[in-house]
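Common to both upcoming complexes is subunit A, partnered first by subunit B, then by subunit C.
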Partner chain A sequence: MSEITNQSLTSLAQNIKDKKLSSEEITKAFIERSEKSKELNTYISEDFSNAIDKAKKFDQNPNLNLKLPGIPIAVKDLFCTQNVRTTAGSKILENFIPTYESTVTQNIWDEGAILLGKLNCDEFAMGSSNETSFYGNVQNPIDKGLVPGGSSGGSAAALSGKLTPITIGTDTGGSIRQPASFTGTVGLKPTYGSCSRYGIVAFASSLDQAGPMAQNVKDCALLQEVISTYDKKDSTSIDFKRNEFSKELTKDIKGKKIGIPKEYRVDGMPKEIEELWQKGIQYVKDCGAEIIDISLPNTSYALPTYYIVAPAEASSNLARYDGVKYGFRAKGENLIDMYEKTRSEGFGAEVQRRIMIGTYVLSSGYYDAYYLKAQKVRKLIKNDFDEAYKKVDAILTPSTPSSAFKIGEKKDDPVSMYLNDIFTVPVNLAGLPAISIPAGHDASGYPLGLQIIGKAFKEQEILNIAYAMEDKINFKNNITDWWIK
Partner chain B sequence: MSIDLKTIKHISKLSRISVDEQKAEKLAEDLSSIFEFIEKLNQLNTDKVEPLTSVAETSLKFRSDEVKSKNIREQIIKNSPEDNKDFFVVPKVVE
Partner chain C sequence: MSKNKSEYLIERTNNIYEVVIGLEVHAQVTSNSKLFSSSSTKFGAEPNTQVSLVDAAFPGMLPVINEFCVKQAIKTGIGLRAKINKRSVFDRKNYFYADLPQGYQISQFKYPIVGEGTVILDMPDGQKEIGIERLHLEQDAGKSIHDMDPQNTLVDLNRSGVALMEIVSKPDLRTLEEVSTYIKKLRSIMRYLGTCDGNMQEGSLRADVNVSVRLKDSKELGTRCEIKNVNSIKFMQMAIDYEANRQVDLIEDGKIIDQETRLFDIRKNETRSMRSKEDAHDYRYFPDPDLLPLEVSDEFINELKSTIPELPDDKKKRFIEEFKLSAYEATILVSDIEISKYFEEVISKMGKNQDIKLAVNWITGELFAVLNNKNLEIAESPISAENLAKLVNLIKNGTISGKIAKTIFELMIDGDRDPQKIVEEKGLKQESDPKALEALIDKIINDNREKAIEYKQGKEKLFGFFVGQAMKASGGKANPQLINEILKKKL
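For the complex of A and B:
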């Protein structure tokens, strides 16, 4: 079976088109491996028997013109899937069965893919280690006891553990790119407005974006092509001409100007991250690109800005969980008491923390000092990128300030956990696209990623740079299947 | 900036999240360290900066308010923790 689960999306799709493999064979192979991989705790809900039925049905009358013909896929449990439980990693949605399908997942099914199940994530996508999930930690396939990153931790672990050939995550402050970096996989956060937010459990609406995660850049490009569509159901979806990313993919990046921002050289960054960055610079030079030093002067203000804007939006978005229309309800003496107990028992500690931060910064007397201030600094951060993009086509940085850490290591210190997203958060604040690609290993053999940030709507450009670099890097993940007995 | 217990209780009320003494103390500690981190923004002078409200440089589109879903009343009610088949049920509000 491993000869099936080890294949990339591109190769599986080709094998289906050539009739060398059936959808049923592929689906069963991933299910069998998933069954043996319970210890990773990647799934919140499995939909295996339906998946086999759908695969059989696909094989009876296969449409081989589709982009994901009969390909089984597990997705982050933040996407609403019609008639399949969607929890957002929270107790408060433990029994929630959506009556509708998110646009992004609908796009995937429309291209022939089959749902395997729903993957673990930090509660309401608030976290950088998957430790805030009500459904427990996820193990990183790289090593036992290691976090897979977050919030799309289950997605990253299922992908690198070969339980799904590709997957999707969401990225509000780094939730696709950081776990991709921690698991040696590729993750793209598209431009704000590129993928519909319809049917995605909302966290911070001005920052949230869905995006593809894959084993390689080509698969990532193909999945982005499928999920990025203009959608009238999302009023912030943007109508622009989308590329056929996988077809237009090229390794020719000669003459491209790549910016290196000096402010990303942060205090206390491990030497191996600096060395990895230097290697990355050499790789793009070897591809014929030109390196240009740039400055993004307000970088150090990005995280404090994010920790006002994101909780403020979250406190408003999560007001809907009141124990009335859906989800968990606690008993209360009266209506208000019921609300307060429901939210106190239904939300985990990190979610409560963020709702309270958000409520505070939006409350009377503090709005100007915090929320308005943060929106102004957000403008300055966006201006920094606009200025830099007058001189360069893309920007190269490390994806994270460290490799994956141990489960429990940062759980009790929220600020140190937040620092994980120092290189990814500015991108969300400015609404730009960015991709993380695996680029090397640290001394423990854990993967490290590099991030390429693009201009708005220039996903093709950063995919091309990643594609060219991937060839030079020739990264191999050291996964021993330690969890399979 | 340090956040005291009184403030925590005020925010908990606004957030409709009940907190007991122990939880309030832990929250005061966590929020104080987070706000200390956030205070860094005060180093920047932003007097002449326009706030950014949306990164998408397009204006929101209008659409007509039409019902698109059909006959999903039962499914919707089914997700409710307590219902009487036709309505959502809440604890008594009017005596």
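For the complex of A and C:
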């Protein structure tokens, strides 16, 4: 048996079911490795001793019919977890301990999983490099000084660094897929309305979606199966028939029509990304799928549209962090002074920037020119996909325009940072599902991902395509454990 | 200043001004739970005991619409003869305040659930129609308490998230009486529907009052000022009166009226500027992305229509036709659903051979006086409809006189007693036997021969004396009609 922390979820679950491993052994193995991996700074809050207690309890009376039997999991610190501190990567929630559990995490515990701790992320999920977190940068296990991507940077780093066998993130504009791509892991952003938003700290409500992150497509499918449930507590949750993704998973994608959108061939895109894309096209052809050139004409408007819609919603969603009810409060002369000091000291620069953008685009006199227009463009972008899906079953693109960059490299250049989401953002605006799978390496040996975008509610379709491609790609992540002394 | 029934004009040396009033009424929806959470809405609970995670805006909490509140709003819309919008949208109204946990109020801005409608006012000089602009659903804020702690403002979130209907009238109101009648009519309609209890003391009904003035006969509207959050009809009238005169004074002095939000100081009886148009909040309304547009089907609306009870206007019409009441009487009896219920119960308990007019007089006269004295609602009436019906029947069938009835009525109040039993116990039955009364009157005439002669000689005023004597001799029980007849015959 290979080392515990190197095993996939599927393998760990099988070993527990076969009684070859106990939950306690597995939990302790991941904790031990996590303890040795502090330099990655993946955890904001650890819950290790509770995790061991829960593992022991599971072993005493193991329910082996569960999908995640005694499996320890660390999750992004955007999910509210009962009695475990939840910060959203922000100072303003530094001491916030929820009395309630998010639906997505509850679903995971209900299937037997055990919480290891809360993972670092960009503050309120606003960022593409995990550098906006109040709790510091996260190191990408791929190489020292490299960002893990964001906002689910802690999740991606913990997953690729083998500190958790699977994890969950949230994706508002690429926050699952981009870090998955940067760390050589698999990340799925489900259809909007597939996973409940109840108990997830909100960034941009019409775009936010939780999703699974895993080492391989099968684990990803299983986790999606667990977390995607209809939830009456979220008015935007959609009641549709959900597949048993892991059971229905197939590599047979013969005859599937895969679209290649010409607009994703952007100026200044590195040659290796173009080559990766071509390789991907060849893989799906090899699997018997048909390649069809398509056009998504409004693609270039996606990023500016996103940077109006998301900050607008965020500016309102974050109004509740005012120092009155919970979280950080600065001393002030009066109510207004207290608000100003609390929010100036409690929020980081990027969050403040987006609150200001959002406030601006919603203010009277600018609303029509920005917010309303952005909503119209958003509709056009969605129409583009609707048109394309008359001809194809799924769309293949690169996940990101580059591989992981250095910590600090783009920190002071927000526009260059925002450009990193250019391939992922349209998907959120259209509410579609998309998966990023590792597909190759750049010249420095850093992982590169390909994105498969599906029709709404057709997660099974893109999981199948990813599953088939995974086989052909045969990607190996090059993790040297450089941070373990 | 003239305060005619149909005109409310402000006169100055050279000019006469008309006052134009529009109301934005905030009516608390009658519902056990809040608009977007399951917390209780019960009034008077300990502070912060009816607050869910949603109401306090904890991270990751999401609103879920309370279908019952939607039904209540639609029913109210039907009661206002208004257009029900099959698609409406919840927006966020963004502003910071300590008692607004989300940092925004969920309201309806561009697409309200109810559109244009009409309210009919029964004014002394006829009916007047007041246009309804819209009705929308929104959340109430919490309550800031500034006077309990010398250093701090305390916040009670029990009210946070409670459903309100904002009912916006067109600027169709012209007099203080119309304002009063309009509020009462709205309240009455909503109480009939069970959609708002209309309790102004508990804050279930409050209004923002828009006031402007213009030269009489002018067609253009003047610049308006909005007086925020006035919670009684009397204060509304005082505020309007002050504000209208203030505006007229400004115009007369050649000054300009600033469009602004004002508040009414009840102690000083004046309105004061809260904020000018320039300082007005930019609420940054936008559709709430946590909620889908609210869509209701024709079936849903029709189903609700079928549950709408007979409303005051229809009831009034029926009362006039069925019971031959005057418009005035009918208006009073339908003004409150409980009064109309009481009245109809009295009618039904009276059985055949009923004297409706008499019943109306007793309800609007004696009974209302008692309720007024004891400060009771009709639902708390110390005399049940059944016993009042019995009393009216006792008068009608001649068992007791109206005068005796008043005595009995007083006795009935304590413990809702059966008037029949009181009559029996106290022997108050009216003497209607002509022979007995003739004997009694013979004796009186005999005892007062001189007065009888004077009467015959033309001193007709003495007739009353004989009636009085007869009533006195009978202990008040003699049938007054018979006494009259017999006296006329005998004298």
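Couple of notes before you dig in:
Keep this in mind: the second predicted complex is superposed on the first by the 483 of 485 C-alpha atoms of A that agree within 3 Å, B and C clash if a C-alpha of one lies under 4 Å from a C-alpha of the other, contacts with A are read in each partner's own complex, and residues count from 1 in each chain.
The definition used in the following text is that contacts are C-beta pairs under 8 Å (C-beta built on N, C-alpha and C of every residue); 3 or more make two chains touch, one makes a residue touch a chain.
Source: prediction; values computed, not measured.
After overlaying the two complexes on the shared chain, residue contacts for A:Y367 are found with subunit C alone; subunit B is out of touch.
Residue contacts after overlaying the shared chain place A:T236 against subunit B and subunit C alike.
In the superposed model, A:K379 makes contact with subunit B only, not with subunit C. When subunit B and subunit C are set side by side, the one touching more residues of subunit A is B. Contact with neither subunit B nor subunit C is seen for A:I52 once the two complexes are overlaid on the shared chain. Contact with neither subunit B nor subunit C is seen for A:I291 once the two complexes are overlaid on the shared chain. Residue contacts after overlaying the shared chain place A:Y326 against subunit B and subunit C alike. In the superposition on chain A, contact of A:S344 is made with subunit B only, not with subunit C. Of the two partner chains placed around the shared chain by superposition, subunit C is the only one that A:A312 touches, whereas subunit B remains out of contact.
Once both structures are placed on chain A, subunit A residues 96, 99-100, 206, 232, 235-236, 315, 319, 322, 324-326, 335-336, 339, 359, 363 are touched by subunit B and, in the other complex, by subunit C. On the subunit B side of its complex with subunit A, the touching residues are 3, 7-8, 11-12, 14-19, 27, 30-31, 33-34, 37-42, 44, 46, 49-56, 58, 60-61, 63, 69, 72, 75-76, 78-82, 88, 90-93. Per the touch definition, subunit C reaches subunit A in the complex via residues 53, 56-65, 92, 94, 96-98, 101-104, 153, 155, 282, 284-286, 289-292.
Across the interface of their complex, subunit B is touched by residues 95-97, 99-100, 192-193, 206, 232, 235-236, 238, 298, 300-301, 303-305, 307-308, 315, 319, 322-329, 332-341, 343-344, 347, 352-353, 355-357, 359-360, 363, 370, 372-380, 382, 414-415, 418, 429-431, 456 of subunit A.
In the complex of the two chains, the subunit A residues touching subunit C come out as 79-80, 86, 88, 93, 96, 98-100, 102, 197-202, 204-206, 232-236, 312-313, 315-316, 318-320, 322, 324-326, 335-336, 339, 359, 362-364, 367, 371.
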